Amino acid sequence: MAFNPYFSLAVLFVVALCFGLTPLALAWLWSRVFSPQKPNAIKNAIYECGLESKGDAWVQFRSSYYLYAIIFLIFDVEAVFLLPFAVAFLGLGAAACVSMLVFVLLLVEGLVWAWAKGVLTWA
Amino acid sequence: MKTVEEIKAAIEAAVPSASVEIVQNPAPSAQHSLLLKAETAVAVAKFLRDDAELALDFLSNVTGVDWPDKEITEKVKVTKMVTKTVEGTEQQVEETVEETRKRVEPGYLEVVYHLYSMTKKHGPVVFRMRTGNRADDVKLPSMTPVWRSAEYQEREVFDLYGVEFVGHPDLRRILMWEGFKDHPMRRDYVEPDDFEYEPTAHDEVLKRAQAHQAAAAAAAEGQKGAAQ
Amino acid sequence: MTLSAAEFGARQHAGGKALPEGRMVIDPESGGDLLEVSMGPHHPSTHGVFRMDVALDGERIVRLKPVFGYLHRNHEKLGEEHSYLASMPYTDRLDYICSLTNNWAYALAVEKLVGQEVPERAEYLRLIVGELTRMQNHILSVGFLIQDMGASGTPLMYGFREREKILDLFEALTGSRMMCNYMRFGGCRVDATPEWLDGVRKVVAGMPAFADEFERLLCTNEILMARTQGVGVLRPELAVSAGVTGPALRASGVNYDIRKVDRYGIYDRFDFKVPLGEHGDVYDRFMIRLLELRQSIRILEQALKDVPGGPVMDPKAKIRNFRPKPGEAYGRIEAPKGELGFYLISDGTGNPYRYRVRPPSFVNLTVLEDMCLGYSVADVVLILGSIDIVLGEVDR
Amino acid sequence: MLGEGILKGLAETAKNFAGSYVSKERLTTVQYPEERAEHIEASRVFPFLVYDGPDAFAGMRCVSCQICEKECPPKCIYIEKSKDKKPDYVGKPQNYPVRFDIDISVCMSCQICVEVCPFDAIKMDSVFEMATDNRFGGLLLDREKLLKSNEYYHSIHPTEATEVDGRLAEEKAKVEAKAKAAAEAAAAKAAAEAAAPKTAAPAAAPAAKPDAPKPTGGAE
Amino acid sequence: MAVDEQLKIEMGKQGVFVTTLQELYNWGRRSSIWPMNFGLACCAIEMIATTMARYDLARFGAEVFRPSPRQADMMIISGTVTKKMAPQVVRLYNQMAEPRYVIAMGACAISGGPFKQGYNVLKGIDRYIPVDVHIPGCPPRPEALLEAFMTLQKKIDAQPLTGEARPRHLDEQAPGEFPVPEQGAHDLEPPANKSVWTVPVVIR
Amino acid sequence: MVEKADQIFVLLLHWILNYLPAAWRHPVSVLLCVAVIVAVYPALFALAVLMERKGLGRMQNRYGPNRVGPFGILQPVADGIKSLTKEDIVPRNADALVHFIAPLVLVVAVFMGFAVMPMGRNMVLVNLDASLLFFFAMGASTELSIFMAGWSSRNKYSLLGAMRAVAQMISYEVPLLLSTVGVVMITGSLSLVDIVDAQNRYSWGLAHWNVFKPWGLAGFVMFVIASMAETNRSPFDLPEGESEIIGGYFTEYSGFKFALFFLGEYVGMFGIAGLGTTLFLGGWSAPLAVLSWIPSWIWFFAKVELWICFFIWVRGTLPRLRQDQLMNFAWKFLLPLTLVNLLVAAEWRFVEGVWIRWIVGMVIVVGTYVLMGRVGMRREKLGPRSYRYAE
């Protein structure tokens, strides 16, 4: 009887979720029965070293964060291309390997370019 | 290193309008000081810093001192014209009488600076400045443009004594919170009264604690009465 | 948002541009939101209740305003309300890591005020405890610095391991681990026994091994070097103008050690050198402390060779009913953190008319903003740690 | 090479890790409630009052001169002087404290009270286990709680206590000798009695506190 | 909540269950007290020394110093609380999650100590927040802090889960908020929180 | 006998399943396996926390927890009970839903990774063909959870922590992934089961672990470094950065939600340690043929624990890096090195002769490392210094 392997994954997902939810539920139950939660304005304020928080934390961040994300994307895609090649590597000839090398070198060139442009300088 | 007298002479040679007084220090330390006028103080300070021989490049210490108004009781010999009956006739006679007079010597706030030289490795040279009085005429020139190290120390003097430094880049309270009204290091500062629980008090504190205790006891008594 | 023109002007004037070359602050008006964060008063690495109001651009410091006073305990006011003797235990609590050097500075100022002599044995004892204090302070400050850098306590623990040995010595001599209250005007409170001196010799003999261990653990660590070298540069001109003293000044290359300049106590009898930095960055300040630790060992080795006999207290000295003649005096020593001075004005009564402490940590903080601008949040805690402040002294 | 310093550091911590199983030097923990660090003689925490002999009240050395109260920097001592008198250790009638409170929630353990006491009546204890959840009751020590015997004093500060004992015995001997002389020569009796409190002053300064020129009792 | 009340009564009937639960609960929170990483002054150095090798607070499972009040169980007020700092201390205490404990370490934290005559020094943090254990000393030795820690553990052990004697955090009626004092023109306002600070009268 | 010990869990499972009707067997079998995963790793987490606290203690000349239960072994239990009964605080301005979901996402993601992990011979929940990719996919979603936590708290420190975390984790994702490509190239499979099987061979009594090959050794070292960054372990624990940004992304979490983060982080550590073990240290196989009698699952867990011990050791020694250095290290040092390592792996296949390919491989990888290290240090002007003295 062949079963879908994803069935197991689904079970694991559900169980792991329950694993997280059960103690939270228990904690909630505990607070309902014994230890009442006492929210108040000071307690539920944002913590900021003992002071009242000034200004909002949700501000626009500088673009350098996003540039990293883009380069990451490039290299992650590269890895996606690399992996099938890697799996088939033992069966491939030198020519295929060289062409893959060219592909990698192109990406390296991109990295060097970004490096030279200062994209990789964290501000 | 030069003596105070020599420094005074050098200053007066360099900054002609500066009139510098020497304040003698009778203690064995013999650290005499120069009393500067507020108007010329910055120029003098710059001279002290930049003069090749003095080279007092290091301002070590800035101190505020409060000298409150002093009530001086003194006996003065006064000569005045008195109308007297001398030998039957009224005459204006000059007479010298000893009178007890009370005089209020106005207080002032004083700022004392201790200078050293890091290049010449000598010091200290002490100079001081005085405000006109303790209430409204409390402005003195800031030394922060000359020596950065005065920045926080002058803020402290401003906070605790109330001396206003003209030319200070950022004169705010430093030790006490914003919104605090008093200058606690002044000698007439009245401390907040929170002596409710003082089991081992004496003197001043005892009196205050007792006042609190009496009030608390009365309140407790009153509550008891109300409950009954 | 940015530095006001006046502030900037003051900086320029005082011999230091706001920023050394190569560092720049992005004009906050031009775009990107600033994150206004308060670091402290409750913050793991502000060494107490210090607070810095910080404006961040990403993680970079655009503005940093130190806020003091969270430990303002009215030390000076209390000093004016108490007798000269009663202020001695309070000085312990100024820089609470090095109580004995505080004692020393205060005793020195009062002795200057009244012209009091100190017996030779007492001078030796003062020097020994003073240098022990310097050692434990430097060990601790380096430990805290690495702690701020994110090490999970190990260097700090090793530092405390050695510090406990020194504290045991303090306790055996003065009765207390931290608040020693040991010195008096004209000498020291109690004499040291020969066994105690042997104990000191033993601890001092073990110190070089510890310094070696510490150096192996840290000095060539690439992460540490990367974190500290070139960070928080303090240029010598600014340092002098801002009155920075102690290891922080010497790390910037200025040769100024009050032990050498004033030659107070009996420092002129011993052969020691003053290590000087070149770059004035956090690494230099860190290394200068370790090198000074070795110099302290050297001084102690020499001092412990022959401690003279005799009284530890000038028999003419007065303790109770101590009333100096009117006058004033400023006495200072090279405390582990820099120049610690006491300025006393006497009006002839039993209490000082004015009792002023010149705290090294407080004045050294003047340059904090200049050193931090343009660096990241992570560097700020390092720069602060490398200045080595103690809030008891900053706020008094 | 990059990473060399890191490896050196790792070796150092590994050495300490392994060393903690073999060497006392590398496992410095003293497990407090069960083990205790060696008692250091000079160690001081809070003050206590010494009494001689078996009876705490009769042997109380304090004559309530209130010097310590005055000199205490944080003002944590409160003394109420008695109206009547009781004999002190040399037999001379003296006042005694009806009330002697020390607020150890304020005490800064500075030892100045001990230093200024001309009667060796107040000494420093080495008990530090005073943690309490009773703020007002637990931290105000009254006379009964403060009084501890001379034997106890000997047990915590033997060297110092022996010196003090010697000094007191000397003083007592002097007084007794004088009294003897006085009994023999009735004329000198009055003079001897007048001088008795003064004898506290010239006692040889011991090593433990050689500095303080002993005040001659009372506030000067 | 009616259901909760019923549940409580039901559980009260099953006394044994509650007792075991109580023991487990008390054992759990007693054995895992995480202090807040919070140093104020001199005593903080001794507090740090307590966590260091010689004294090793970690033996009790309490070396997990949390920098955020949300995850901490215990606040060691280690040092002088000035009037400038007091509002922050009270706010931090408020921001801790229940159950929370306070140790006032050293003379300054209990009463202002040697600095109590100062104009900027709060005469005891218990004027604003409830303190569980006081340690006298200036500063207390590290062993004294360990002893206080064990005193706190004993105190926790003795706390019942239900009933009148239950601790503050289990009581729905007990206040969960402790007002933060304002910094006024001359002093803190109010000078004390009357609900936690009642002064006994000293007879003189 | 040896085989029975090795397969004890598998046999146990079969024995249980025998008593069930056939239709139930598969679901129950899955459920049991999942239950084991969800039970074993939290238990290991408790053990690791205790080990960490005690080990750090020993490194620092002290005992560490030793009072709660015998030798302190009940310490994690007490911590658990405490966390369970602690009040749960949600900041007023926070995004409550995201704030609630974030720890769950973390826990689920880290557990999902174990689905493809061979924990012993025949002990794997799902043998996917692309299990390596699956693992990385799951690992990447932990970033999401951390960002959710930091962002939703609306706390400035949390936000900084979240930003740091995202930047750090995506940066190290690349070298982490690329350092494993060499293994895939030589093994020719993305299935972790196949990768272990490929290493479970012996020549002269020594196993064919990937770490014993130049590309494997280099890959291993880089994997270790990148894995420390991926799991936010010291010296890459910037998102938490206690001394800088308080608690980072979990500053505002209390009670059991915080405990879940704590747990998730450690379980994630096991996941990545397990993956590293599988890829480079031969998974459940013994290092020496003579040691093959020890059950495979013992080998696996022993290696994982050893890995954790190394993490603890590093944590006890090293200070933290700074954000820009961290990023530079990933992009300018690790990434080029991983690419060079691909060359080495290719060289391994094409060059004949055991010794020659060994030497050539080592020369390439070590040479690049030394060169780049030297150039990097010089460019950043880093290095030991000498000091002058004034008299």
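Every chain is named by a letter (A, B, C, D, E and F) in the order it is written, and numbering of its residues begins at 1.
Rule of thumb we're sticking to: a contact is a pair of C-beta atoms (placed from the backbone, for glycine too) under 8 Å apart; a residue touches a chain by one contact, two chains touch by 3 or more.
Since the structure is predicted, the reported quantities are computational estimates derived from the model, not experimental observations.
Contact with chain E and chain F alike is made by A, C, D. The interface carrying the most C-beta pairs in contact is the one between chains A-F.
The distance from the centre of chain A to the centre of chain D, with each centre set as the mean of the Cα atoms, comes to 65 Å. Work out the mean CA point of chain B and of chain D, and you get 41 Å between them. Computed centre separation for the pair chain C/chain E is 32 angstrom, with centres defined by C-alpha atoms. In chain E, the positions touching at least two other chains are 25, 37, 52-54, 56, 59, 67-70, 84, 88, 92, 95, 98-99, 111, 114-115, 117, 119-120, 124, 138, 141, 169, 199-200. The set of chain C residues that touch two or more partner chains comprises 35, 37, 41-44, 69, 72, 74, 77, 89-90, 93, 154, 157-158, 161, 164, 179, 217, 219-225, 395. Taken residue by residue, chain D touches two or more other chains at 2-3, 6, 9, 12-13, 16, 27-29, 31, 73, 75, 103, 106, 108-109, 136, whereas all remaining positions touch fewer. Pairs of chains that satisfy the touch definition comprise A-C, A-E, A-F, B-C, B-D, B-E, C-D, C-E, C-F, D-E, D-F, E-F.
For chain C in complex with chain A, the residues that touch the partner chain are 32-43, 51, 57-58, 60.
Residues of chain E touching chain B in their complex: 83-84, 111, 117, 119-120, 123-124, 183-187, 191-192, 199-202, 204. Chain D contributes residues 1-3, 6, 9-10, 12-14, 16-17, 20-21, 26-29, 31 to its touches with chain F in the complex. Those residues of chain E whose C-beta lies close enough to touch chain A in the complex are 1, 4, 7-8, 11, 25, 68-70, 88-89, 91-92, 94-95, 98-99, 161-162, 169-172, 175-178, 180. Contacts from chain A toward chain E in the complex involve residues 32-43, 45, 47, 49-52.
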